[in-house]
Structures are given as C-alpha cells and as structure tokens.
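Labels run A, B, C and D following the written order; every chain starts at residue 1.
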Amino acid sequence: MSLIGLVRLIRRTGRVAEAAPPLPEGSLGRPASLAGSVQVRHVDAGSCNGCEVEIAAAFGPVYDAERYGARLVASPRHADLVLVTGVVTRNMAQPLRRTVEATPRPRMVIAVGDCARNCGVFAGAYGVAGAVGDVVDVDLEVPGCPPEPDAIVRALRQVTGR
Amino acid sequence: MNIGAAILATVQVTAMVILSPILVGLMRQVRARMEGRVGAGVLQPWRDLRKLFAKESLQAQGTSWVMSLGPVVLVASSALVCVLVPLVGTVTFPLIPDDLFVMVSVLLIGTVALALIGLDSGSAFGGMGSSRHMTIAALVEPTVLVAVYALSIPVGSSSLSLIVDARLLDPASVASPVSLLALVALFIAVVAETGRMPVDNPSTHLELTMIHEAMVLESSGRDLAWLELGSWMRLGALLGLVGSLLVPWGIAGDVTPLTLLVGLLMLIVKLAVLGSALAAGEVFLAKLRLFRVPELLAGSFVLAFLAVTASYFVVQG
Amino acid sequence: MTLVLGGLLAQLALTCVAVAAAVFVVPKRRALVAGAAVVGIAMAGAVTGVFALSGGHGSLTVPMTLPLGPVVLAPDRLGGFFMVVAGLVGAVATLYGIGYVRGPAASRTSWSAMALFLLALQMVPAAADAVSFLLCWELMAVASTVLLLADHARRAPVRSAALWYAAMTHFSFVMLLLGFAVLAAAGDGTGFAAMARVPADSGAASVAFVLLIVGFASKAGIVPLHVWLPRAHPEAPSHVSAVMSAAMVKMGVYGALLVSIRLLPGGPAWWGLLLIALGAVSALYGILQASVATDLKRMLAYSTSENIGLMYLALGAGLLLRSYGVTEPADSAIAACLLLVVGHAAFKTTLFLGAGSILHATGERDLDRLGGLGARMPVTSAAFGIGALGAAALPITSGFVAEWALLQSLIHAPATQDRLVAVVMPVAVAVVALTAGLALMAFVKAYGIAFLARPRGEGAAAAHESGLGMRVAMGISASTVVVLGLAPGPVARAAAAAADLSGVGAVGWWGIDLFGIDALLDPVALTVLAVALAVPVVLVSARLARRQPRRRVDLTWGCGGVRLSPRMQYTATSYAEPLSRVFDDALRPERDVLVTHAGESRYLVERVQFQQNVGDIVETTAYRPGIRWMDRVGVLARHLQNGSIHRYLAYAFVALLAVLVVVSL
Amino acid sequence: MSASLFDQLISLSAGVLLLTSVLLVWKRSLIAAVRLLALQGAALAAMVAVIGVFESDLELLAVAGLVLLLKGFVLPFVLDRSRVRTGAVREETPLMNTTSSLLVLSLLTMLAYLVSQPWLALDPGPTTAAVPVGISLVLYGFLILTTRRHAISQLVGFLVLDNGIATVAFLTSGGVPFVVELGASLDVLLVVLILRVLGGRITDEFGGAYLDELTELRD
C-alpha cells in the first residue's frame, strides 16, 4: 500500500477501540506492586488454539488490553503473569513448571479456558497430564470454551486494577 | 564555570531520567493512536519501571557478575552521554569538553555492556542478539564519525557546544545542504544505534527477529529496569542531540534560572516533536531483513560522505 | 661515562650473565635465574631509553671481527622512546615467562635466545649507522626464529610457521639492505648523519624510501606482507608472542619513523599517501580477519596487523600534512602514531599474556571450545578484559586516547585547502571508524565467548587460575593499560620530545592537550564525572538488593526447554557469521554443509554437518602462485647439482674461464 | 534577486539533483525511480529558471519551461507507461549489490569533485561550485547503465546521464541556445520513444525485458 493510501486508511479508520467497560469488582489478593503494570507471558500447554485466537483479540485494537497496563512479553523473566491455555499435555508439564519458575516474584498464574481449568473435553485423554492447577498453583481462572476476549480483559484488569 | 557546568549537568541528567520514559510512552501512544487503539498512556513506562524496581532479580546458573554490573554500566554511560550532549545548555566543564568522539565512545561502552549481557546469559537468543547488535554497531560507526567530521568542518572543532553555538550565530548554516545531509545521515545512525524501525522492531515477540530484546531476554527485576532506563536515556539523548543541532534556538548559553527554564521547555518540545515524528514514521515502515540493513547503513554513509566532500569544496571552492 | 653509555654497557653485561645462567644453571632453577637476568636486560634497556629520551648522549662502539666495521650504538630521543617501550614489554613478558615456560621453551637454547632477542630489541633503536642497524636487525630476526622454533619437534605447524617467518624476515632484510645501500651511495657514508644529508626530493631518496618502507612493512606485518604474523604468533610460546607483537613488530614502525622524519624529512606528498594506503588496507583487512577468526592467538595476530596499519596511517597523514606545510595537525598525527605504539604495546602484551594463561589452563586456543573462564580464572579474566577494552579503543584505556588523537588530527586537516587532502581525509576517517567498530565487535566476541556463559569444551570446564608470577605479570600490564588511559599526558610529552613535535603537550599532570589543534582530553576528569554519575545508580541498586535479594535459579531461559546443553550457546563462529556474510566478497569463506538423510527419505535428516574455513585471501591469491613458481625453479635447479664431482669441478672451471675472459676484456 | 539568495537557490537545486540521483542508485523500485526522475527533472528546470531570473534572460526561462515539461512530465510519463506495459515493479537482480554500488557511488563523487577542480579554480562562484554535481550525475548515470539489467533501469540511467550533461552545460556556459536545447531534448525524447517501442515489442515477444536475456537475440 502506498504511503498516501496508508495515511488515508489511518484517517478513515480513526479509533476502533471500544469504550472501556467499568472496572470489575476485583476481590483478588493481588500484589500491590503490580498495580497499573502487568507484563504477560503466554504459555500454550496443549491448547486447540481457540483460546489463542481470543487472547490475540483481547490484545488487538478492538478490546485493547494494553490500555489497562497489560502487555505481552517475550520472556518469563520480564513477566509478572503467566497466562496458561489448554490442558497440560505430558510433554508440556515440565516446560510449564520451568516457565513459572523462571518468572520473578511476585508473580501470578491465570488459567484461561475450560481445558486449563478442568481439562474440558480432553479429560482422561492419554496424552494429558492434567489441568493447569494440577501442575502449578493457579491464582485466577477464566471460564469459557473459548472465553470471550471481554472475559480475558476483565481478568487482566482485576490484576492491573485499571 | 565549573559550578555552572555542574548545575547544568545535574539538570540535564535529571531531566533525561524523568523525561526519557515519558518520551517512550509518548512514542508508544502515538503509535497506538495511529493503529486505532487507545494506548496505555504516556506514563506507562514509568509504571513499568516502578514495578520492575520492586521485583526480584533472578540469576541463572552459569551467568556471572556481568548480569548485575552490566545494567549499571549501561545507565551510567547513558547518564554520561546526557551530560556530554548539549541538551539544555552549552556550558561545559573546562577539562571535559563535550567532544563528539568522546561522546561516541562513551555510548559504545553502553553498547558493549549490552552485548556482554547478551553473551553472558549463555542462551542461543542472547548470543544472537549480541552478535547482530555488534555487527550493526560496527557498521554504524563510519556513518557516525564521518557525519561528525562533516559537522566539525565549519567550526574546526568536534566540540558539540561550539558546533551548536556556531549554528545559533549563523542560522542559515542549519539549512545548508551540507548540514542537512549530515543530519539525515546522523539520524539514520541514531535509528540504527537505538534499535528502532526499520533496523529493529522494539515491540516484537518473536525471538528470531530480535536484536535489542534478545539480549535482555534473561534479565529480570531491577536489572531489566536499569537496562530499559539506560536504553531509553540513550534514545532520548541522541534525539535531543539531533534536536539541538536541527533547532539550536532556546538552548542556554549561560546558567541562570530563566535560561535553564527556557532551555528545558525547548528540550521538552523538541523531544516531543521528534519522538512523535519518529513514532509516526515507524508506522509506515516494515522491519528490514537483517542482511539488508548494511544497504541502509551504506546509504547513510554515502550521505555523510557527500556532506564532507561537498563542505570541503563549497567552503573553499 | 654518561648514563646512556652505562646503560648500554649494563645491558651487554647482563646479557652475558643471562646466557651463562641459561647454559650453566640446573634446569630446576634455570627459569628463575636466567629469567631474572633477562628481566634485568629489559629493565636496563628501559632505563637507558629513559636517559636517551630525556636528552642524554652516549655512544658505544663494539668492535667486530667481521670486515664490516664496528657496531656503533648511540640512541637518540626517538630511539630512546622505542627502547623504553621494548624494554618494559620485554620485562613484563619475561616475568610472565618465568612461570609459564615448560618443556622445550624452558631449554638452554630458548633462554639464551630470549636474552639475545631482548638485547637486539634494544640495539636496533640504538644503532647509529646502517651497518650496525642491519646487524642488530639480523640478530633480532635470528633470535626470534630460534624462540619460535622452541616446540618444533612436537608440532608440525611450528616448523611451517618458522619457515614463513624466516622467509619473510629475510625478504625484509634484503629490502633494507638495498634501501640503505642506495642511501649510503647517495649520501656518501653509512652513518645515519651522512644519510640525512640526502635531499628528500631526489630520485635516490624516493627509491630508498620505497625499498626501506617495504622492508619495514614486512617486519611490521602490513598487508600484503603480513602472512607470517597469523602463523608465527599462534605457534610461538605466548610470552614470546607478546614480545614479538608488542615490541618487535614496532621496530617496523620505528624504521618507518626513522626513514621518514629523521633520515629523509620533508618528503613529497606521495610518500604520505603511500603510507596511508598501506595503513588503511592493513587496518581494514587485519580487523576483518580478526573479527571472523576463531583461534584466539591468530585473532590477536591479525589485530596486530590492524594496529600497525593505524600507526602507518597516522604517520602517513602526518607526512602528507607536513608536505603541505600544515605543521600542527601533522605533528598531532605523528603524536597519535607514537601514542598508538605505546597503547598497543600495553594492551597487546596483556592480551597475549592472557591468551597464554588460557592456553596454559585449558590447552585450547580455539574460542569455539572455551567459555565460562570468568569464574574459573578471575585474574586472567580481569586482565584480558582490560586488554580487550584497550584493543577496542574504549575509554579509559590507552587505546582510546591514541585513537582519539588520531581522529582529532585527521579532522583538522581542512586547514590545507587542498583537494587531495580533501579526498583522502574523509576516507581515512571512515577507515579508522570502520576499523574501530569492527575491533569492538572482535574483542567483545573474544572476551564474551571465552570468559562468559558456560564452558563449551572439557578443557574450559577443567580450567584453573595460573601461577603467581603469571598473575603478577598480567596485573602489571593490565594496570599499565588503565594508567596510560588515565594519564596520557606524560606519554604525549615524551612523544613530543621524541619526534620533536610542536603543539602537543599535557594539561595538568595527566591530561593530553593537542593545543596545536585546540583539542584536549582529561581522562581523569571524565572518569570522576562517570563515577559521580554511577554512584547514585549503585546506591539505589544496593538498597534494592537489600530489600529484594537476588534469587539463584538453575537454568537460563530457553523457552522452557528441558535439554539445554552448553553446545546451544553462540560460538565465536556463529557470532561472526552476520559479519562474514556482509563482508563475503572480502573474506571469501569456504562453507560446506553436508546433509545426511535418514534412509531414503528426502525429508528426514539424520545429521547436518557445517564446516567453515576462512583462509587468508592474500596468501592464497598472491603468495601461492609465487611459491609454486619457485618450487618449479627449485626442481630445475636440482639438475645443476647431481652429486657428480666432475660436474662441480667443471662449474669451477667454467667460472674461472669466465673470470679470465672478463678480466681480459 | 539578491546574490545570496541566488547562491542558496542554486545550491539547493544542485543538492536536490544530487540527492535524487543517490536515491536512484539506492532504490531498486522502478516506480520510485520514475518519480525520482520526475523530481530530478523539476530540480533541473528550477535551476535553469533561477539562472534565467538572475540574469534576466527570457530565452533561458523558456528553456526552463521546456525542460520542466519534457523532463518533469513527458519523459517520466512515457517511462511509466512502458514500465506498466512490461509489468515490472522492481529491478530484481542488479549486477552489483546495493551496498557496493553505494560505496562505488561515494568514490565516483570524489572523482567528480577532483576532476572539476580546474573549473572551480578558474571561475569561483555559485554556478561553478555546482558543476561537480553535474559531473557526478553523468558518472552515476553510467553506473546505473552498467550495473542494472532491466531495460527500464537502463532508460533511467540514460536519462540521469543526460540530466548530468544538461546540468554541466547550463552551469558552465550560462545557458544553451534555445534551438540547441530544443533539438537535444527532442533527440532524447525520440530515443526514449524508440526504446520504449522496442522494449514493449520485446516484452510481448519474450515476456521479459532483462538485458541478459536479450543477448540471446543475436543468435
């Protein structure tokens, strides 16, 4: 696309982010130091990628989770929050533990989606090691198969408090 | 003279420590708005820093003191650059002229600290980032020094404050082709050196395309906070340098409360304008393939070189 | 008896003592006793140099049985400067050698050769006429060849390296002989004073200049005459490499200075251009090779080529500017050349001694197998790190000051108002800048790969710190790098005195002031400022560390991977890969990728093998054909000599007839 | 027009000429090349116009109009049409990579400044100070001609060369007679049109306009 075309597109599009819903009532025992700024590391422990699509949407322009101070990062060393999706498969159990261990404290773990909470439809399958809660300590769960971006954003806002 | 210079140095460093995260916040905000987002607000980098300072730092087995000392060195070198560059005023310590060559080498100390941090982590990512970072730093060097040469010819000195003062006296010289060529070359070098588009994508999550991020993947807590602050201060100081060379007006020639205030306000305006322009420009660019970066740098080198050649012949021809 | 004369005599006496000690002391104590005497020679040399530099006079005539006349030693200021450098380097390296030498490097021959080598290094800059100069030069060459050959029985590469070295050093000797012969004929005398009477714009002077510069450049390791350097330095014992690289190679620079500012001052502009061209090519090629090299000592050898290139470039710039009558920038450039000499001597000694310690502790020179030595060898790590900072020309080291002075003098060239200068100087600045950038890359690679992260090989994992003597020697040379970087003022004054430069001096006690071009640098003030800025950062860090201590974890982050092996780290080869791709045309690396497929499948790979070899393109394209040609000539010449006594008698007869015919004509 | 303003305007237009030709060597996009060429033509016309106004020479102003029309609009338009016809967007594989050609470029500039030194010494002034720019343009044109492989790039190189010659001519002789300029311009136009027709035909026949492939035509 040419430069001028892009300028036109930007001007035509304007703001796509939806108006921010009211701050959810969070009764979460979150660490005070995470207020306003939460870096998120996402771990796919064996998901069908449905939740990934929703997470991408949550951080996309429409829901714009970044405006509440949450940001996806590339390394758990930079993260405060581990966002886990999917059932934990046998091959991913150890990497998941390592990822949480590699995150500096204070840290939190959020299990996103039904699979992550209770194995969902995959419960009892041969390659499944268990739900996320069976492998690492989970602070917050987001139900849904897959959860709506709104739900994910709500959970993140409970942590950032914005 | 010494007291004035000390006051000015303090003002410049303090201003840059406070302003550079806000500058980065502003740049992210401009970008977010152009993408149709709301954005996290200009103060978000400061919130991130506050949080990082309160977090613990991890040290993996096999890593060494470089992991903890490197960030401090980076911040100190950035702070020294902030003193050496005429951002608010042109008053200098008599024994420490704000020599451009000295400034560049102080900047390189920070570059080396970052590269060593990348290598020390002992992961493939760190090494990769470090290797790319140093390759680019090596190739940027000719552009920077030849541009410095071009800027120094009219005043016969590589001292920044003399160059800025000369531009204040003769405003027409700012718009001369020689000066513009040198500034464009310098600007490309600044973009490459601070890891902005199109050389490096500061917001990438894909390890294989990273340069700067890959080196700091292993750092956490306050180490990461220092690294971020140091890199942002570099960006701020270099943009401020380009600003002072491009628009020298308002810069304090002596140290009084009024001149300092004017200088500070001008600095804020310059940084805001340049930062917004840079961020807006980045929206239109895609990251270059790593092996096409030398083309960009060769191009900027040619511009700097043309500036030198032309200035010789224009001045004396 | 003057002080200089006394110093010279003391050196000769100490050499006799050292050789006697090497021959007669039992092997167990040999290193200590002979080593102490050799340190004495070097220190005496340095002290003599100081006397000569401060204007002392003295002349020593050593009678010789050869029909060439006596050897006359009478160092002037410039010679004194180089005597100090060579003496200090020799002393530190020998101190290191006492603890370092093992096996053949500790033999009688080696210690005697070391004594003679250091003596020759003192006598070359002290020589007062061409014949003495050439004799000392030859002594230096022979002694260093013997030292290089120390380990020839066990390792074949040593023999090949020595052969290359001997060939190149004799090529250098022949060139010098011819050059001095031309000068002696034109000036009617072999003394330097007589030669200095030859007008610099005469044809003979130009011929002599080119011959002498070629001779000195080949000793100095200037591209394309550098081929012996990357072979000899890795194979010689490390303390010998240090002396060769930091002191002996500098004699090539001394020679160039001798010719261009003492014997034939005021030469035409093209002399300067020749030196700039040689220096620029050498600096760029040397540092490119250094940044892709994986053998640590080979890398240091190429870096020597680079640094000597910068010295030639600085000298060339000085000559070029002088020929246009612009004295101050010219003098600053020559001062930069001398600062580079001193700076390079300091950091290259440190680096070679550090490399020696690594070799000693791990048995490895290959960077790809090193790693994690920082924790195992803290002193070596610190010393090598400081040396690497110096080589990368970062503040506050000796390398930085020298490069700063060079750049300053280059950018003040516009005063000449000449188009040639206008074209040459930007190119020179660009070359120096690219060289500095690549040097940064090369030494970050060397230090980071060798000392940081985890060991890549068994040798590195089992490494241990070296002995006390070696550590002390490394400590001395590393602190010299920092001290020279902090206080370049005295060196600048010495340089100004040595080469009779105007516009170069010191500010305060330690700062350097190129007042001729209005540029000053006070590293101490800069350091104070830097420390003042770092203190708050450190305080905040310490406070945070008390509140939230560092937590140790097992693994570095590798995407949660379970099998993280040290082989997954970046190596020196992979570190330089982007660079070797960018400069593909200049380096022409040979790459082989061998893919073994699993069974019949095209998609399943069993094994991938990668091989890369970065050769020396100058050697393969310029030298190999020449060597092949000489081989063929040699084969033909064999027909002349077939062992038949009749044929030899016939040769003699033919020669007699020829002489008679010539006489009768 | 004051002398200093004249000075500034001449060096500004010379700077644009130089910058556009550097970018022409740098960029491989043919679309950008056509636009840059148009800009270059406009800069050349501006330079002629400035000289015309300064010397109050009506004929020169007419020449400036002609140059603007031809080099700023007609030639780029023709070039763009043939580019669209060949369907080419980028110069895919030049004979010399961009980095090397940029370095060669700086050497060529140096050479241009060196050889034009006698002119500068002879008659120092703002117009002669810009002569090296013209010579640089000639050299850049040759560089493009020798290193590019697409027929459109060849035309671009040819036009840069022509612009260089025109720049030198205007700067040194203080103007070319209108008739001569008219004739030269028409020649250039004719060459471009012929090449365009040829290139179009070749594309139709062979499906590409790379010069390497054209060598096969000999057989």
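Quick note on the criterion: a residue touches a chain if its C-beta (ideal position, glycine included) is under 8 Å from a C-beta of that chain, and two chains touch if they have at least 3 such contacts.
Please read all numbers here as calculations on a predicted model, not as lab measurements.
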item	value
Given chain A and chain D, the chains that contact each of them	B, C
Chains touching both chain B and chain C	A, D
Chains linked by the largest number of contacting C-beta pairs	B-C
Chain closest to the middle [Cα centroid of all protein chains]	B
Chain centre separation (chain A, chain B; CA means) in Å	34
Where chain C and chain D are represented by their mean Cα positions, the distance between them in whole Å	50
Chain B and chain D: spacing of chain centres that average the CA atoms, whole Å	37
Between chain C and chain A, distance of the C-alpha-averaged centres to the nearest whole Å	58
Where chain B touches two or more other chains at once, by residue number	54-58, 207, 217-218, 221, 294, 301, 305, 309, 312-313
Residues of chain A whose C-beta touches two or more other chains	75, 77, 102, 104-105
Touching two or more other chains - residues of chain C	419, 422-423, 551, 553, 555, 557, 559, 582
Pairwise chain contacts under the document criterion	A-B, A-C, B-C, B-D, C-D
List of chain D residues in touch with chain B within their complex	8, 11-12, 14-15, 18-19, 22, 26, 97-99, 102-103, 105-106, 109-110, 113, 120, 124, 128-129, 132
Chain B-touching residues of chain C, taken from the complex the two chains share	291, 371-372, 374-375, 392-395, 400, 404, 407-408, 410-412, 414-415, 417, 419, 422-423, 425-426, 429-430, 432-434, 436-438, 440-441, 444-445, 447-449, 452-454, 507-508, 511, 518-522, 525-526, 529-530, 533-534, 537-538, 541, 544-545, 548-559, 564, 566, 568-570, 574-579, 581-582
Parts of chain D lying in touch with chain C, wherever the complex brings them together	99-100, 110, 113-114, 117
In the complex, chain C residues that touch chain A	551, 553, 555, 557, 559-562
In the complex, chain C residues that touch chain D	419, 422-423, 427, 582, 585
